[in-house]
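For reference, chains read A, B, C, D and E in written order, and residue numbers begin at 1 within each chain.
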């Protein structure tokens, strides 16, 4: 049997961890896994899925860029009898057999609530926050929306100063984050909606010498983020379990092949990593 | 009965490029059927003046009249509408286009196929062959790109193009510079033929002997100014040389007699 | 002005100087197109041998359908590049048209109107850029780079970073998905566009002037041609082609996203240059562009079919292109360097 | 061969034909550089007025530090573009060097050796590409586009997609972060490189031949100069500059990732072209490039300081560039179109 | 005592471009101090032959000897090493470089500053001015880019460059085509001066009267082949014209007597 994994890019650690988890699970299940990297081009994902359909693979795992735009291809696959499992980004009303991943809006709210509580307990109830986002990423926009909603609901006195676009690229995020801090000298907190944004934010806080007065919140652990947590200025990072998602996706497709049924939505919970629980993730970044 | 107005009357033309005053209050007249020789030292401003008349250069000041009517050319298209054609000194060919394409640039023959008007390539090549034969130039293939042609072959194409646009005024800026002997004769013949048909011709050349074979009148420029004008019948090569150089000068290479030395160098 | 007949030739005539052109001369004269054709054929052969599904009609139709936007925009880009210009804004126009048409359809605007509006929108953006390039003399690279930024910004603003779904019942999606006489509609549209592009480029005055402008714009101007209008038109064509590509893509994906067409401009330019059109202008070929675009598409498709590791895919793609072009330059060297 | 003295001038001498060059002539002759300088100054003035922090020394130093890789690579790219070439691979070389140096440091290779190896690596990639361009005559666009793909692929392969941290205690990060005499080290490196680039471009034979190759390569070859070696060297320089940029960036980010430098090549080319260097070759200016790069950097910085919505940023950036260049072309039109 | 070998001896040179046989088994010899006129119709192959000698074109077959020694030029740099210099018909100037820069291209004077060798621009401009004055050409500013110069000014720069490289063989491909009368005299003077110093000169020109002012010998090409060779003292313009054209021909423009009509057209 051959399964195909269509991913977004290979430049964020997150996607590579999905690949690794999926590869391992495929090996364990004795199936072949082929991976296609769309390099951030939405239509390339459709092209790849269509190609896999003509090749009659046995199942497709999809990390979608444009969640609406992949729907026709998923429908085609379904018609051809090839089940599609979406990871990371849910397909609205899609014909995919299952979704495995994080509810990004909900998780955004979760970290938002954590943040609001932190502001209330540790910062005297008021804070100014700057955001490093990735406007071109559907789910990262959801993470920002969820975050904002939870903060607003909490009643904490939080001012959102500026949002800058890190474009999901580290060095772009770094420059933008540095400028964000210059623009708002009184800013006390930062929120980064994804891995490249968080790396940029962490480097910027470090290089601007603001580790003393800016607290960082964000998504996706990396070695730099772990170090920031250890030093106390990275407060909390939402950690997903990308390898687990990849593994679950392969396992789901294998089950379907055997004729067993699977849950249409498999929510993988996130962990909010802080100083208290960072040790259990340290091993990933040695 | 009044005299017919001159075909071309340029008055007070000036043009400055940065610090250099390329043309300084220059005038020029040309009657229908007249051949005017325009001569002068290198850099005197002959090409610039003729480009003003062809619309390729817009002067800073001065007026142009064609057949008594004031015109203001803002592009070569305007001049072309008044049937002013020019053979440019730099030839102005499109290197990557073939011989026929360059000859017909801007007035390609077309035919209608299913309502759309397409290039009539066969006619272009056939007529191009005729035009070249008429100028006595040997170009094996009208489908060859002009970038690979010899200097003289390229020049012939530029001449052929301008001549066959049925001009009223034909300006030729050193048209024979790269031509071999038979081709030069053909161009001089061409000038005689078209001027006999009433076309006014301005011939810029450094081959002074040619002036006396075809021109009615000679106008001399020096450092951007008009300095002299002579009927061909009332002057000779020696005088023209002196006028161009600006002082007494002997030039055997110009076809004048005497030893080929600089007249007044020690 | 009669041709000087040469009755008594004084020179003993040696061998005839010009021999009849042979097929070898033809190949050398058309080196760049022949080279990409050989390369394309080699890729197809390779994938036919290496994979099982490459040479099946569903796959071939898929490839053509997928590459329809590329083919259409590359044909238009051939005009742009042949004038010596460049259009970096096409990926952004594609994204704007995709998002805007999805938004308009969602607002209930009838689909034929959406199509007309979108084509007009692409043409207008092109005209705007063309104005600055042709009439104001600003380098095309700068104008269209600014365009790239502004137009994608507008798309982002319209979608707010989200993608807008198009109802799959809408006839609009037919443009991207329908099959006509067993052929995908996008492919039919692409072929029609390519035929028109070929005719205009090679058989009409317009194409002649486009080549001339790239070779020597001043010479064309001196021939009395309105070079500025021609140049402007080239960008209008490019904008409209990008809009058509956006419509096809939005129809096919059933969604409009400001993310679409990222890096599309580079892919299109690569196809054109690979086909043998010179970035310096004056030398363009539509046939070469088609082969260039198809080569890019086939490489992408074939490497997926061959289950190439994603880590190796960029390395292999780049190397294949370089080595193949290199071999072809060696074989047809005579065509390129006539020293 | 003595100069023909002109003792008895027959022509009444009118006014002197050539007047002394005025500052206006100078401005017109240097229109493109003056234009970008005016634009740069206007941007700075605007942001000084509109924002509070723009004209503070920490911010200015920040901007220069952030733009060090851009400045260094843009100076090198000026050479490439002036020969009529292009180098699309620099973003990928930057990424490869950043990841490779992080990997080597992690393996315990001493940092000075890492730097030397990385510069050599950049130079080697440049030499390889330059070989195909200069000696095999393949268009630079194709060669470096293939290079872009292959080199980033290798970076991806090395990192496996992970970003590799660099120990912040390593002296390596000093290159990206240290302050010397109150100035950021990357800025000092960049200024040194720019001075060298200016001298080589304007005051050395090499720069002269670079310009000549862009203007008329065959003429330079006929003058007995080894144009192929000069062309190859230009790509070596570009590769090494990209490597240096990668080293600085890795030091600054404290990590090496194959994700770095995406789209860097376009940003660099934009800076060069904005500065007035012609993509057709033969006309280049290092001063213009510096102004172009700083303008790009200042715009990015200033718009954030002005609290511009990120959705509007691309729209405003593109519009400002277009409008400003346009106004300048209008003011200095004489410089551009001498008809 | 044997005779000294000729400075240049080209034997059996052939070159084909696609279907056209540009050079077909052509030979050429040149003695030190000799001035050889190379003439022929447009497209005869004169420029191609001389480019073979300057290393700019690599022939398909044939041998070249310089001072009796066989050489194989694979680039102009090789030819330049043997002191072969050429003024190309297309001038081969870099338009965006200034006058002095073009004059010194490839051997710019330099000075060392702090151990680095930089262009000595002052010296370049000073010497450029001297060179131009010696050729009698008026170019206001050696800092001007050559793209804006007049046709004759451009040609003077190409000549000045080749002449001042201290060549042993100097090839001039239509060097006077765009020059005004005084400048032509200066170039002819230059040819006399350098040949008197022992330099072998090949002069390609369509100005046949010039041949008789400076050349020792004339070689005629026709459609890619050698067809005739004459000592200048043993021929006249009329014969040279006939040889070029390939049949009896009268050309008044060539300086020969008689009516300026095509000799044998009806």
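Convention: contacts are C-beta pairs under 8 Å (C-beta built on N, C-alpha and C of every residue); 3 or more make two chains touch, one makes a residue touch a chain.
By chain, UniProt protein names: B, E = Galactose/methyl galactoside import ATP-binding protein MglA; C, D = Ribose transport system permease protein RbsC.
Being a predicted model, the structure only gives us computed values, none of them experimental.
Participant: What's the minimum number of touch steps needed to get from subunit A to subunit B?
Facilitator: Between subunit A and subunit B, the shortest chain-hopping route counts 2.
Participant: Between subunit B and subunit E, which partner chains are common?
Facilitator: In this structure, the chains that contact subunit E and also subunit B are C, D.
Participant: Need the most distant chain from subunit C, centre defined as the mean of C-alpha atoms.
Facilitator: E
Participant: Taking each chain's centre as the mean of its Cα atoms, which chain lies farthest from subunit D?
Facilitator: The most distant chain relative to subunit D turns out to be B.
Participant: Does B-C or C-E have the larger number of C-beta pairs in contact?
Facilitator: Looking at contacts between chains, B-C has the larger number.
Participant: Mind checking the centre-to-centre distance between subunit A and subunit D? Centres are C-alpha means, answer in whole Å.
Facilitator: About 35 Å separates the centre of subunit A from that of subunit D.
Participant: Can you compute the centre-to-centre distance for subunit B and subunit D, using the mean CA position of each chain? Integer Å is fine.
Facilitator: Roughly 45 Å, centre to centre.
Participant: How many Å are there between the centre of subunit D and the centre of subunit E, using C-alpha atoms for each centre?
Facilitator: Once rounded, the distance between the two centres reads 41 Å.
Participant: What's the distance between the Cα centroids of subunit A and subunit E, rounded to whole Å?
Facilitator: That pair's centroid distance is 72 Å.
Participant: Residues touching two or more other chains, restricted to subunit B: which are they?
Facilitator: 17, 19-20, 56, 140-141, 148, 182, 189, 223, 245, 249, 262
Participant: Using the touch rule from the top of the page, what residues of subunit C touch 2 or more other chains?
Facilitator: Where subunit C meets two or more other chains at a single residue, that happens at 2, 4, 17-18, 156, 160-161, 311, 313, 338.
Participant: Would you give the residues of subunit A that are in contact with at least 2 other chains, written as numbers and ranges?
Facilitator: 10, 135
Participant: Once the touch criterion is applied, which pairs of chains come out as touching?
Facilitator: Listed in label order, the chain pairs in contact are A-C, A-D, B-C, B-D, B-E, C-D, C-E, D-E.
Participant: Across the complex, what residues on subunit D touch subunit C?
Facilitator: 84, 86, 132, 136-139, 141-143, 145-150, 152-154, 156-157, 160, 266, 269-270, 273-274, 278-280, 311-319, 321-322, 325-326, 329-330, 333, 336-337
Participant: Which residues of subunit E touch subunit D in their complex?
Facilitator: Residues of subunit E touching subunit D: 54, 56, 75-77, 79-81, 86, 88, 92-97, 101, 105-106, 108, 110, 116-119, 121, 133-136, 140-141, 148, 161, 182, 186, 189-190, 193.
Participant: Which positions of subunit A touch subunit D when the two form their complex?
Facilitator: Residue list for subunit A touching subunit D: 9-13, 15-16, 19, 133, 135, 161-165, 169-172, 174-176, 178-180, 182-183, 185, 196, 199-200, 203, 206-208, 222-224, 227, 285.
Participant: Along subunit C, where are the residues that touch subunit E in the complex?
Facilitator: Residues in contact with subunit E: 2, 4-11, 14-15, 17-22, 25, 28-29, 338-339.
Participant: Using the touch rule from the top, collect the residues of subunit D that touch subunit E in their complex.
Facilitator: Against subunit E, the touching part of subunit D is residues 1-4, 17-18, 199, 203-205, 208, 211-212, 214-216, 218-226, 282-283, 338.
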